[in-house]
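Notes for the one structure printed next.
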Amino acid sequence: MIRIYKTSEVINFTLEKLMKKNKNIVCFGLGVDDPKSIFNTTKNLQKKFGEYRVFDTPASENAMTGIGIGMSLNGKIPIMVHQRLDFFLLAMDQLVNNASKWNIMFGGKNRVPITIRLIIGRGWGQGPTHSQNLQSWFAHIPGLKVVAPSFPSTMKNLLIDSILDPDPVIIIEHRWIHNIEEKLNISSHKKQLGKINLLNKGKDITLISSSYSTIEILKIYETLKKNNVSFDHIDLLSIKPLDIKAIFRSVKKTGKLLILDNSSHSFCSVSSEIVSQLTAINPKVFKKKPLILNLPEIASPSSFYLTKEFYQSEDNLLKSIEKILHKKLKRYLKKNLLPHDVPDQNFTGPF
Amino acid sequence: MIRIYKTSEVINFTLEKLMKKNKNIVCFGLGVDDPKSIFNTTKNLQKKFGEYRVFDTPASENAMTGIGIGMSLNGKIPIMVHQRLDFFLLAMDQLVNNASKWNIMFGGKNRVPITIRLIIGRGWGQGPTHSQNLQSWFAHIPGLKVVAPSFPSTMKNLLIDSILDPDPVIIIEHRWIHNIEEKLNISSHKKQLGKINLLNKGKDITLISSSYSTIEILKIYETLKKNNVSFDHIDLLSIKPLDIKAIFRSVKKTGKLLILDNSSHSFCSVSSEIVSQLTAINPKVFKKKPLILNLPEIASPSSFYLTKEFYQSEDNLLKSIEKILHKKLKRYLKKNLLPHDVPDQNFTGPF
Amino acid sequence: MKLKKNNYINFFKKIYLIRKTELEISERYSEQKMRCPVHLSVGQEAPSAAINIFLKKTDFAISYHRAHAHYLAKDCSLKKMIAEIYGKASGCSNGFGGSMHLVDEKKNFIGSTAIVSNSIPVGAGYAYSILNNSKNNKVCIYIGDASCEEGVFFETLNFVVLKKLPVIFFCENNKYSVYSGLKNRQPKNRKLFKLASAFGIKSFHLSSLNAIELLKKMHKIFQKKIDEPIFIEVDTYRYLEHCGPNRDDNLNYRPTKEIKHWSNNDPLVITENYLLKKKFCSEKNIKEIKFKIDALIRDAFIFAENSNPPRYKDYERLVLK
Amino acid sequence: MKLKKNNYINFFKKIYLIRKTELEISERYSEQKMRCPVHLSVGQEAPSAAINIFLKKTDFAISYHRAHAHYLAKDCSLKKMIAEIYGKASGCSNGFGGSMHLVDEKKNFIGSTAIVSNSIPVGAGYAYSILNNSKNNKVCIYIGDASCEEGVFFETLNFVVLKKLPVIFFCENNKYSVYSGLKNRQPKNRKLFKLASAFGIKSFHLSSLNAIELLKKMHKIFQKKIDEPIFIEVDTYRYLEHCGPNRDDNLNYRPTKEIKHWSNNDPLVITENYLLKKKFCSEKNIKEIKFKIDALIRDAFIFAENSNPPRYKDYERLVLK
């Protein structure tokens, strides 16, 4: 059906559709069956598929991950969800020492088709342990795939890809994309795992983003266009595998690169990896110094007064582009009537 | 006293010396007091300092890390050790959500001076879960420092730096450096946290390594020198903070870079970070494509027959240098009479 | 030592302080100046109020996301707590932490954290650091019923018993973890205190609905010299939603009967009536107490509102060099 | 159903197979062709031999670093195990895993892993996948005494009881974790089966020194239909070092008396004598049994030695695309 969907709706519909088709799919996590049903993404699933296939869990992240792995060794296709990525740090042993390696460890006969949705918090005082995006940790581990959808449509495609993938896939699911709307055909599917999405085509500069950062770049489209900046905008979608060839093609064309990375901290980030891989292919590709914008080298603050500067602003983004292009840009930004720490006007806290 | 020391001895002496000086230092971990005393590094410490300051622990890596953090909030200086880094994956919540953030989270008044020694296994069938080097995970987290000593002398300096540092420091301690010998003055100390060590000076190429990789590069010195290759060899020592300025100076001079990285896997590695940071300073610094040699994108195998190709060989290292320099190198390698999976002739398994 | 009049009055004062502070937060939350998640303790004031009648000032405490009551019951700075929730520089964590990261070094409140159970081993480590301290100080580790599902709780319990650390585990069992009732998370008939007891720790269960009875039972525990780690489980109930300022009974995740059962035994009402009945206080005394506390709370909000925001520069200074 | 002659003979066979296989590994280890850590089960053959008399072929098993006995007792491929230890392509994990990563799909041996306790939840997840299976199959999760110190064990226990999963926790308590005795790790008087029991799981403790008694007690457990998760703790003892082929009693981390105590009650000797005494076997029968098993072991080593090494190409093929 073609109509306007929210990302959260798309997740819900997609889960329902796939679970209907394949009764080996099992969905669990803290709160999947509660009145808020993970920001409405797991709504009615338990009612439709029963308590065996859709279940709430104890606060035991490490064991529950292992339990997902165990099921998957016997044909189940588990979908786990964590309301914040930060909670999942308890399960790194299961993820890294078991999920990512089981197949290799036992000679290549035992794949682990688990999908793990990790929600990234932002704003409204989420603070140091409710807003980390550790995508580069997961991307660093051989045997794991990592995707970071940005829109309802890419969420649909990547969620399907992840669930159908025979190996563990981590979905980086930013809290602020849940309410983003897009008109789409809910029953279509296009494989996007391993591929980038070129959202805008141009020749002056390559902008790369993923997940909610992609939305942030959309907000400066008007300014860029009215200033006659012709830009490639790459929505990464798939952090790993990374479509470095497509990225290289773009940077080769523009010679200029800015990456907006909503993962915390610059060290060993996905952005560094992109720059490093491009350099390894050909350092001459860069006509200007590439720029990475990400979160500062410090745990994220809770205070409203600090998050404003902690996160990248549209203005800062534009300034960086000005720096690369050596050109002043007149601002055509929509007046933001919202406080900086909420995704939309419907959000009034607390979670 | 100046004499020849093994790395393991240096650790033992240094711990003893500092513990004598400062009775707040506490040392714990699985097996610190057992007959093998962590490859002799904690020998006699319990005898000398008692069971309160030096103690064996239950197999509870996560809790024990939190317990270390708790002590440190009240003036203790804990030194934790894990016989393999891989076991420490159980404690990522405590490390990331508490140790690295406590100071920030509570307004900057509560530092956590914990030192965590993580031993990296290699060879003799260590296999997928006994040989991971996840240094880039730790380096990715704001609030953590990471060092990777290579020799007895750098071990001494970095161990002291780590223990004296007011914030959490991770020591990447490769199992294969324990028996490396060096003549040194055990009572001297030179600060090396945050600094590189330039082991050889030259102008054709910059070689970067850390931890046991540094030893691997030493093994090709003769070949390089007899071939009149003039090279900078940088022993990183401090993964984070990273002395990128010193690295840049070297690469600016040589224009050519090879990094030998004993951490698994290329994605989001410390090496990528170095290349990316250099490119961000100036992409033109590279006269040739930089090369990163690290471990393949797959969990490490157990079989003797597979580890040979899994790890980088001296020959492969030389081939890569030939590629960058565009020059054939005559080999002057010491015949290695040892099997490839042991560090020295005294090693006959099983651990 | 018997329970004295003053103990009862203090108990009431603590409950009243917590209740009114939380309700004030609840009321003002919609002003959108307290921009962080808040886990309020309305309804479950009695347990922490009770234990803090018996803990010494020199004892330590460490807590979790629902920490307001624990913090206030230990006489920590109300002003700094409110300022913290407002994200101001004068907050106990300079605004960096928010409602879930309360600290008061002066009052030996070690901190509170936002990951379920991850303050537990930190408390045990603190206890290790004061092992064999002459003052016989203890570390009170507050936990919820869901804390007892995380592995680290059991690991810590084992270590605490092994080393005989001066720890009091204080578990407020309010039967819910967010919207999840116990039946989703723990087997039927699970008794947390019995579970703890199997680890070799002396364990108590205070199941009284009546706050005064709770106080008396708590008193009994502290009558004897405590020279080993102990575990105390207290049944309690929150009136408001898990996180946020409102009631959420309309969501129907909790049986109406259960809600009534608890709210009919409101700790504030019960303690106030008890003071009057026992003539520990006159109506006038009570009014005075309330008046004073109300003023403190008012002042705290004024303090918070008037405080300066933290400067980003000061935050950035904490980046490691 | 009573224990039959055949059960006793099978029990003996399993013990003998495990003992001789492990001793062969031990003897040949110095040839340096088995280049991986090995955790041998010499001395502690009886527990897994006993339970595997009662487990069905269709039941599942999952284990930890010391898995040889569990693997062999379930009739998994001896050849593939030895080849795996030799790092050969014909190994059960193609040589990729080594001694600590044994698997045999045909025999429902799910795997064994090298991180203490991390196979536990995997076993529980497997059990979840067969919940309500008509065959009433179970998953036997082997654990050691140190496994019961990791949080994930308790988390899993809670879940298994909550969901009534078809799991048998089988804990071989050999009192040591590497060189660390229980006193370093667990409070005095800790009884693991009681701890488990407090989680609401039916628990058994088999403390018999005598292997035949152990078998009989195990039999008793399996007499009744098992329709809920259970926990079995068995006291046992390893004769050799934690990891590697040798004795290490010279290191003095274990009391001589304790070592004697156990080796004086050697399960192999006891079962053999029992068969003879009960006339279940003649000396000749025993010889034949041993001869056959010895031949199997010899063949397995020949198979392993003659097998091809894995090709790096085949390994690399597993890199994710």
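For clarity, chains are labelled A, B, C and D in written order, and residue numbers in each chain start from 1.
Convention: a contact is a pair of C-beta atoms (placed from the backbone, for glycine too) under 8 Å apart; a residue touches a chain by one contact, two chains touch by 3 or more.
Just so we're clear, the structure is a prediction, and the values are computed from it rather than from any experiment.
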Problem set entry | Touching groups left behind when chain A is ignored (all other chains fixed) | one piece
Exercise. Of the other chains, whose C-alpha centre is the longest way from the centre of chain A?
Worked result: D
For this session: Could you please state the distance in Å, as a whole number, between where the Cα atoms of chain B are centred and where those of chain C are centred?
Result: 43
Exercise. Cα centroid separation between chain B and chain D, in whole Å?
Worked result: 36
Problem set entry | Geometric centre distance via CA averages, chain B-chain A, whole Å | 32
Seminar exercise, completed: For chain A, residue numbers touching 2 or more other chains are 57-58, 60, 62-63, 86, 89-90, 93, 97, 104-105, 127-129, 142-143, 296-298, 301
Exercise. What positions in chain D touch 2 or more of the other chains?
Worked result: 91, 95-97, 101, 113, 115, 149-152, 155, 158, 162, 185-186, 315, 318-320
For this session: Treating touching as the only link between chains, describe the layout with one word: line, ring, star, complete or other.
Result: complete
Problem set entry | Partner chain C, residues of chain A touching it in the complex | 30-31, 33-36, 55-63, 86-87, 89-90, 124-130, 296-298, 301-306, 308-310, 339, 341, 348-351
For this session: Write out the stretch or stretches of chain B touching chain A in their complex.
Result: 62, 86, 89-90, 92-93, 96-97, 100-101, 104-105, 127-129, 132, 134, 136-137, 139-143, 240, 242, 264-265, 267-273, 275-286, 289-292, 296-299, 301
Problem set entry | chain D to chain C touching residues, read off their complex | 149-155, 158, 161-162, 185-187, 189-190, 194-195, 197-200
Exercise. What part of chain D is in contact with chain B in the complex they form?
Worked result: 29-30, 32, 35-38, 87-88, 91, 95-101, 113-117, 146-147, 149-152, 177-180, 184-186, 243-245, 251-253, 309-310, 312, 315-316, 318-320
Problem set entry | List of chain A residues in touch with chain D within their complex | 52, 57-58, 60, 62-76, 93-94, 97-98, 102-110, 142-143, 145, 167, 241
